[in-house]
Amino acid sequence: GFGKVDYAREKRTGYPEVIFGQGKAPEHVRVIFGKLVEKHGRAMVTRADPSMAEAVWESVPEAEFDPMARLIMIGGGERRFPGVVAVVSAGTADVPVAEEAARTAEWMGSEVDRIYDVGVAGIDRLLAQRERLQRASVVIVVAGMEGALSSVVGGLVRRPVIAVPTSVGYGAHFAGLTPLLSMLTSCAAGVTVVNIDNGFGAAYAASILQQAILEGAGRER
Amino acid sequence: GFGKVDYAREKRTGYPEVIFGQGKAPEHVRVIFGKLVEKHGRAMVTRADPSMAEAVWESVPEAEFDPMARLIMIGGGERRFPGVVAVVSAGTADVPVAEEAARTAEWMGSEVDRIYDVGVAGIDRLLAQRERLQRASVVIVVAGMEGALSSVVGGLVRRPVIAVPTSVGYGAHFAGLTPLLSMLTSCAAGVTVVNIDNGFGAAYAASILQQAILEGAGRER
Amino acid sequence: GFGKVDYAREKRTGYPEVIFGQGKAPEHVRVIFGKLVEKHGRAMVTRADPSMAEAVWESVPEAEFDPMARLIMIGGGERRFPGVVAVVSAGTADVPVAEEAARTAEWMGSEVDRIYDVGVAGIDRLLAQRERLQRASVVIVVAGMEGALSSVVGGLVRRPVIAVPTSVGYGAHFAGLTPLLSMLTSCAAGVTVVNIDNGFGAAYAASILQQAILEGAGRER
Amino acid sequence: GFGKVDYAREKRTGYPEVIFGQGKAPEHVRVIFGKLVEKHGRAMVTRADPSMAEAVWESVPEAEFDPMARLIMIGGGERRFPGVVAVVSAGTADVPVAEEAARTAEWMGSEVDRIYDVGVAGIDRLLAQRERLQRASVVIVVAGMEGALSSVVGGLVRRPVIAVPTSVGYGAHFAGLTPLLSMLTSCAAGVTVVNIDNGFGAAYAASILQQAILEGAGRER
Amino acid sequence: GFGKVDYAREKRTGYPEVIFGQGKAPEHVRVIFGKLVEKHGRAMVTRADPSMAEAVWESVPEAEFDPMARLIMIGGGERRFPGVVAVVSAGTADVPVAEEAARTAEWMGSEVDRIYDVGVAGIDRLLAQRERLQRASVVIVVAGMEGALSSVVGGLVRRPVIAVPTSVGYGAHFAGLTPLLSMLTSCAAGVTVVNIDNGFGAAYAASILQQAILEGAGRER
Amino acid sequence: GFGKVDYAREKRTGYPEVIFGQGKAPEHVRVIFGKLVEKHGRAMVTRADPSMAEAVWESVPEAEFDPMARLIMIGGGERRFPGVVAVVSAGTADVPVAEEAARTAEWMGSEVDRIYDVGVAGIDRLLAQRERLQRASVVIVVAGMEGALSSVVGGLVRRPVIAVPTSVGYGAHFAGLTPLLSMLTSCAAGVTVVNIDNGFGAAYAASILQQAILEGAGRER
Amino acid sequence: GFGKVDYAREKRTGYPEVIFGQGKAPEHVRVIFGKLVEKHGRAMVTRADPSMAEAVWESVPEAEFDPMARLIMIGGGERRFPGVVAVVSAGTADVPVAEEAARTAEWMGSEVDRIYDVGVAGIDRLLAQRERLQRASVVIVVAGMEGALSSVVGGLVRRPVIAVPTSVGYGAHFAGLTPLLSMLTSCAAGVTVVNIDNGFGAAYAASILQQAILEGAGRER
Amino acid sequence: GFGKVDYAREKRTGYPEVIFGQGKAPEHVRVIFGKLVEKHGRAMVTRADPSMAEAVWESVPEAEFDPMARLIMIGGGERRFPGVVAVVSAGTADVPVAEEAARTAEWMGSEVDRIYDVGVAGIDRLLAQRERLQRASVVIVVAGMEGALSSVVGGLVRRPVIAVPTSVGYGAHFAGLTPLLSMLTSCAAGVTVVNIDNGFGAAYAASILQQAILEGAGRER
């Protein structure tokens, strides 16, 4: 067949393989989704489009499709982890990527606090949210344009900050290259970065971090 | 004067400001280092060279200088955090950056497990270390050339993986751009990335994550 | 006319000129295809679309069109070479390029062993195929995302490895640039690389290598 | 000879031609400097090195050389313009470029307010200077790393903001390309940008703006 | 909700927040536009398309839509500032960006003098406008292709010059990257630059500069 | 210690690990070289400099150092393979990289035919060598400037062609990027490419191909 | 109005301004075309599409439209110059750009010799045309892929060679960037280069060169 | 040996091969230079340094070395061609490249008119030379920074214009990339371009053009 599902991944990492929808035939998505649900009782497709949702619904009618976040999901979402993942976005146009992060984190077992449209051009909006930011166990910062938000947030909290550059912008923005480079060279220490528009990856990293906390990582030594 | 030390940073983030040595006059480094030691009892300079160490020793003779890691340090290093930070490197030439990460993590209060020279061209070397990798609370992967190591490690562990591309390579490697892009587009979910050769940043992110575990982040809710 | 067919190429290289379909008018493709069939009894078009197939079928109704591999073919395919070309792909989305390679190799006279969906994030899937990999006379590795697969395969076999980066990915992937650079800077010695999505070129190189084996290249000295 | 001095520039623009030192022979710098002093009574060399200063002193011993700002100057500096140019820098390592801007502005006739080392990772340091920023007629923001400072400042003031990216950074910073792109795609409206490390150009633009204010630009209509 | 309007921006900068239309849902644009009009009595959307205009007209039927400039506007436009903003364009194809600048400047309170199609390949056309150029308080230069116009204009006037590279061109033009870089490295001192096609940003900078003149910036000292 | 030698590589691939000298301390090179000689009876260092040779000679005085090819070698070089590897270079300045390829191939067991300085600007020089080219089992083409040579050679032979771009050139050559891209987009089918200046990698691929011929790859099926 | 036609250009350069169609409204094209015809009796539009031709035909029904070359023309074409412009193309897919060059040269007054589909992978095809190449007064080389053709041609003739890279290719070809860089770093001396796909510009340069010959440039001294 | 001199080049192109000095051993330069002098009575080395000159003088003491133009020459320079090559430079720092062009042209048989330091920021300086420009048979424009000069010159003359971008600049200039792209996208028709700092190539193209005029290219038809 066209694919070998990595069934052992859940055992190794705590989560089943997630389907990368982009460029796959809807029929392929349907088949792999079905196999994963059968094996693990849960599954997710990222970068999904409506035709994939249609296909999946043929086999798994109770699957949920979020068109803004471009996710097809089933069987996660029951909260498991202590603490909160804050998802912070710079502008309104970054919300789809922020929602990809937020919905993924929820599916993985995290509670999410959404703090949207607090870009640095109006810095007081961000500072007004200082406490919510400081309460989070981990902060995801989603920003397009020049991506400055992650540097400011990185200097405000004592928790890990994961930055997601978005493709929102034009001209010298180069479809997200500029905030990507900007976040990588942040003057705030300890900000880590994922690929452009990769809300999924940021949430995965955040939740696996909460999994580490829950499992008391390293306490055993 | 030439600088305003951000004394409040320790309160906000848990750590004092760290001095970025590159491009600073040794005399400036000496003065800022002195102020930080006075205020916080500990200080660190990254990207330090011998002339900076000489200058610092004039005021703080007990400061330590690690020429391979290019760090000047004082006053951290007493272990505080539970668990272990694994620092994994692909080749021998990546060791200076790996050491920057390892020494920084130690200074910040982490125990470090060094797993060096396990690049993917001899995959069995890496697989022989599977258990040590799985025991860590967080894994830092340091790799130059094509940076493939972080994808393999990312698929083996249920803990956060932080990838550090290095400038070790030539030609189409573009001084680290290639492993940087490679790590950002990793097929393993949840790998987050820091700047080229930024061992310091990776360790900072790893230790702050352990700080989150120690402080039981989110348990209070 | 619009084109000078290089009829002498088969004599010089062992294979007739292959038509590069992209950007050509269907009518032009039809005419050149006809001339090649007449002269050599076989012909192939790469990067073909359905309109080109329609045009070709007007003159050569028995030509085959593979829409996934984007190939129009006639008159090759009877096996000639000893040994096997392994075509290995990282993900399901890389299959179209892998099929371009596999079908081309078959047309040129090679037997093909398809090993698909064995990307490095689930390394055990790949290692389970170690023997099939080692049995091949030459291995073609097709991978998008970060292209790490070719480095792992390169360290496992004592045969030539030809890497094909694909345009499968997004953001910092830059339509295949990232796996291209990654494969070029591979830490495994002796991996050679072809253009992004160039399954045809990889197969051509693999088959010509088998031609060298068949013809006992160099034995004559 | 090797050069045609543009004597008419002062008449057209308000300022004599300024010598771009980089790549010129010290002897050439000396000759052109001499001609400019003779004609206009004032002159400036940017990107000057000590050997150029030595050469200039042979003819014009009272010329001043500022090695940090890399400027050789004579005959400007008597204050002419109302208002203040604020020169704001993100880090200590950006000070040489900030000084190039500050000294140039002073030479051109402006009063300068230096606000250094107020990068966004410690945002409170910047906010503590809000009033000084708001008092300026024009603000020059000098920042390396990710260049986020100009977006925050741009949202705080009702005066023109001119951003200067610096080459301070490493890795994905690409010698200033990252803050350059970042400043160009700033989410704060109306920030304009000059070349990397071009403190001179920013100051020139700031002073010519003050010249416009002094001369009551447009009032005549 | 999906957005936090920065109502305090007018107080801080003199102008209300302007809506960046690109990538926003028409319904979102309608809601934010409505809020801004209610609060400030004026509002503007940049990079607007007809569907956004339709949505806005539902709530604010008297809003104006300029399809060439891609602006939706209401409530600015009554002239406030002394002096003139000259908007100079190199070619006919640059006119949409030039109009974005011109209409924005008018909305912000400036009088505009349009000097179009005076590219440097026919230098006498530009020189014939020397006087109009010299009369302006600030000059905006809009140019695609190689962007040479800003260097010539920069050497002709004693007023600030703001350069806008456009995406008009092909091949080695890279959608505006070439004139962007060209304008940043201009041999004329004091030219400042905004993002590719950012007529809005140039006009904002020009008008805020006139605001500085009107308010007699710095005279108070 | 600082390194884990991959002793099993010879068993898996036919050749022991080769030491990548660049960036390694001479002392490290000496130790690893010693271990490899002890285990395998042969060893090689690439990108070696004189200080590394000095270090190696302390332990292994009979090792050979080729300063032009930047190789330290011992224990290979007794011919084993049938056929000939042709190493073709475009210009005199490409010879060091060509020699890295030639000496590596010889060390690995191949006979080498050197055809140097036959760049395409004087095409008759190349055509005069047509027979020698056609006699080779595999052809390595080493070229800087625009790298056109591999396309011409690729169309002349019925054997695999491996292209090595070199860093010989200036300006728009970007230290080898231009011939690299040029070779990857070659209009001759089946040319495969290695990294800039990677004569070692090309020779490795060529020799492993001869190993496949010698071992009658695939005949066993 | 929207444009200032540069009527004086014919006097200065020998040719009227040529309209750059891309991005212009058909109505604008019609008006400018009309003005040029009225003034000079001839006119041309490059990068024209059918809607522009329709518009032009309303005013000037006898204008010719060549959809492959994307040119609208009137009033040139009567041969004026001695000698021949050879237009050489590498592949069939490059013919549209070659025709843009050929038709432009004819409109400007040159005789054209078309030598198409002689790419270097089948070098004998090119060498078979050696005489025609050597007979030309100037040679235009049009090539996509790796652009190697101009280096081979440049070494064969004693006349100027103008190279036109085309956007024909994929992957590492980057829409023509690769042959552009390749042609600029050609190992054949004296090849000059124009923008990607700029057949018009190459022909213009070729014809102006023939104009120089016709007018006996420099003989007057 | 290390090189095959292309003795036939003079017959094919009118000029002997020219030695590209960069990266060659002085001894190699000496030998090739000697062979060329023996065969053709004239020879030239470009990008030569003093150590090469020393080596050449051992065999050919009467050779001339121009350290600014980095040329070693003998046996050309007696004027042969009608007309004049104008070499125009934008700034004083571009003079070394301009001299490489001027000296090469003289060696090839052209008379040269040097028009230096006429950059567009002081446009009147250039316009004052209009007549000299118009008298030339061909114009070479040498410019760094943004390279705007070639567009202005291209619109002023009825003769071929060859543009040479230089590496003079900094920051967003990227060592000459910016003027290179700028010249390629010039709004003046018919400007052709050579590699960054390639004064030699521009002069070669200019002189071969004069050779075409002298030989009455095309008159024979």
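By written order: A, B, C, D, E, F, G and H. Residues from 1 in each chain.
Keep this in mind: contacts are C-beta pairs under 8 Å (C-beta built on N, C-alpha and C of every residue); 3 or more make two chains touch, one makes a residue touch a chain.
In this text, all values refer to a predicted model and were calculated from it rather than measured experimentally.
Following the contact convention of this document, C, E is the list of chains adjacent to both subunit A and subunit G.
More than half of the contact pairs at A-D come back, by residue number, in E-H, the repeat among E-H, F-H or A-E.
Subunit A and subunit C, compared by their mean Cα positions, are separated by 36 Å.
With each centre defined as the average position of its C-alpha atoms, the distance from subunit D to subunit E rounds to 24 Å.
Looking at subunit A, one finds that residues 9, 91, 121-122, 155-156, 171-173, 177, 180, 184-185, 189, 195 touch two or more other chains.
Applying the touch criterion to all chain pairs gives A-B, A-C, A-D, A-E, B-C, B-D, B-F, C-F, C-G, D-E, D-H, E-G, E-H, F-G, F-H, G-H. For subunit G in complex with subunit E, the touching residues are 2-4, 6, 8-9, 17, 20, 22-24, 28, 32, 47, 165, 167, 175-177, 180, 195-198.
Of all the residues in subunit A, the ones that touch subunit D in their complex are 90-91, 119-123, 127, 145-148, 151-152, 154-156, 169, 171-174, 177-179, 181-189. On the side of subunit E, the complex with subunit D involves touching residues 6, 9, 12-15, 18, 81-84, 111, 135-138, 155-160, 162, 180, 184-185, 189-195, 200-202, 204-205, 208-213, 215-219, 221. Those residues of subunit H whose C-beta lies close enough to touch subunit D in the complex are 91-93, 95, 116-118, 121-122, 124-125, 168, 170-173.
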